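Take a look at this one; I'll ask things after.
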């Protein structure tokens, strides 16, 4: 996992397998970075995620709630068809933005 | 596993993990091809072998004995440092030829 | 004659074992001729059931989780068992988006994911005794 | 405080399970910070012990093999057990190039390979009861 902050945007580059074990670490790292301040938008880069279960949905939902409190938003890009299927099941696609590329995500087209 | 016969040379291209399970299949396939006749030399291509245990030593030893009966020989190429370590342990390198390349093996430099 | 094989794995309720359980089941399932999609379905379903055993079954207790796999011809049956708290109302628990642990950021989608990716999912549970989830998937024959 | 974890796998004596056993142990061992070389050492040693249980332990019998792994800090201990024929003379069996089954193209190098790749190998066996091989490897700390 790599975190990059530019302006008010926090890009979180995930890698490996997004299960409950990894979700706990993502939560800590991301919320820590957000608490330091000045984050208006969290963008998750899923390009390197080879596996995800419903823990990933919970993680996105949790960050959405956090950013809602702070008046910000959450977006994702690099979603494979399989991850898209998982996200679709939960209805989370209605509240966070799915982008086709990093450029689009950072540009803020939503 | 792929078997190619050119002239009196049988090239056996191995792949995957050379354990006891796979060794049984190699034995059947190679001995079958040798029994059809006219094989003076068996060359094993180890390039695609990612794992080997002592079953591989037994397989080479068995083919060496077979070819000795028939007045032929056995050679190998594509041996990784790890496989080389395993072969060295058993003394089998004294009776079968280890080549640096397919060309060398087929050319018969021993 | 039917081809059959089976295995069982047992491990303590550490979240670092979620990955181990997935890979072990995948390595065993690989003897079936699976598509990438079918393999992912199985790994995801196992991950959900094992995570539930860790997060809900044992919560702050210590205990062991058992995963059994059986292959009979082209069907794989996977059973995940814990000897933890158990589930009071299984029907309610299986509803999409229902979770008893929102504060742990569970999404309530675990059972729904298992049902989506496997052909059959059955749950037996008793309070104070534990929970057993049995899942079956028929693998489509490849030519 | 020491880090510890453990797991156990149980499977029938089919040669197709040799690969499963290797991958399961490797997936579990991966929580240690292993070099490629150390990982190969462990996989090879497990393969030897499990193959012995299948080929020699049970021969034409049917039975189950148990593989247990324990991690304590930076040491991994692997135990492979069968309830098969047992070994009459363990000392003789451990000698390089000794095999009771040359017709099956066993090389007699199994125990030697285990001893080469692991730090400690102990064998307990009783005729008609079975064989247990316990292997330990200390993983060198990486910076």
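As written, the chains take the letters A, B, C and D, and residue 1 is the first residue of each chain.
Keep this in mind: contacts are C-beta pairs under 8 Å (C-beta built on N, C-alpha and C of every residue); 3 or more make two chains touch, one makes a residue touch a chain.
Being a predicted model, the structure only gives us computed values, none of them experimental.
With steps allowed only between chains in touch, the distance from chain A over to chain D comes to 2. Where touching is counted per the definition, chain B and chain D have no chain in common.
The chain with its C-alpha centre at the largest distance from the centre of chain D is A. Per-chain CA centroids place chain A at a distance of 26 Å from chain C.
Centre to centre, using the average C-alpha position, chain B and chain C are separated by 43 Å.
Rounded to whole angstrom units, the spacing between the C-alpha centres of chain C and chain D is 28. Taking each chain's centre as the mean of its C-alpha atoms, chain A lies 51 Å from chain B.
Among the residues of chain B, none is in touch with two or more other chains. Contact with two or more other chains is made by residues 16, 19 of chain D. Pairs of chains that satisfy the touch definition comprise A-C, B-D, C-D. Residues 5-12, 14, 16-17, 19-20, 23-24, 27-28, 30-31 of chain D are the ones touching chain C in the complex. Chain B meets chain D in the complex at residues 17, 19-21, 23-24, 27, 51-55, 57-59, 61-62, 82, 86, 89-91. Listed in rising order, the residues of chain D touching chain B in the complex are 15-16, 18-19, 22, 37, 40, 43-44, 47-48, 51, 54-55, 96-97, 104-107, 109-110, 112-113, 116.
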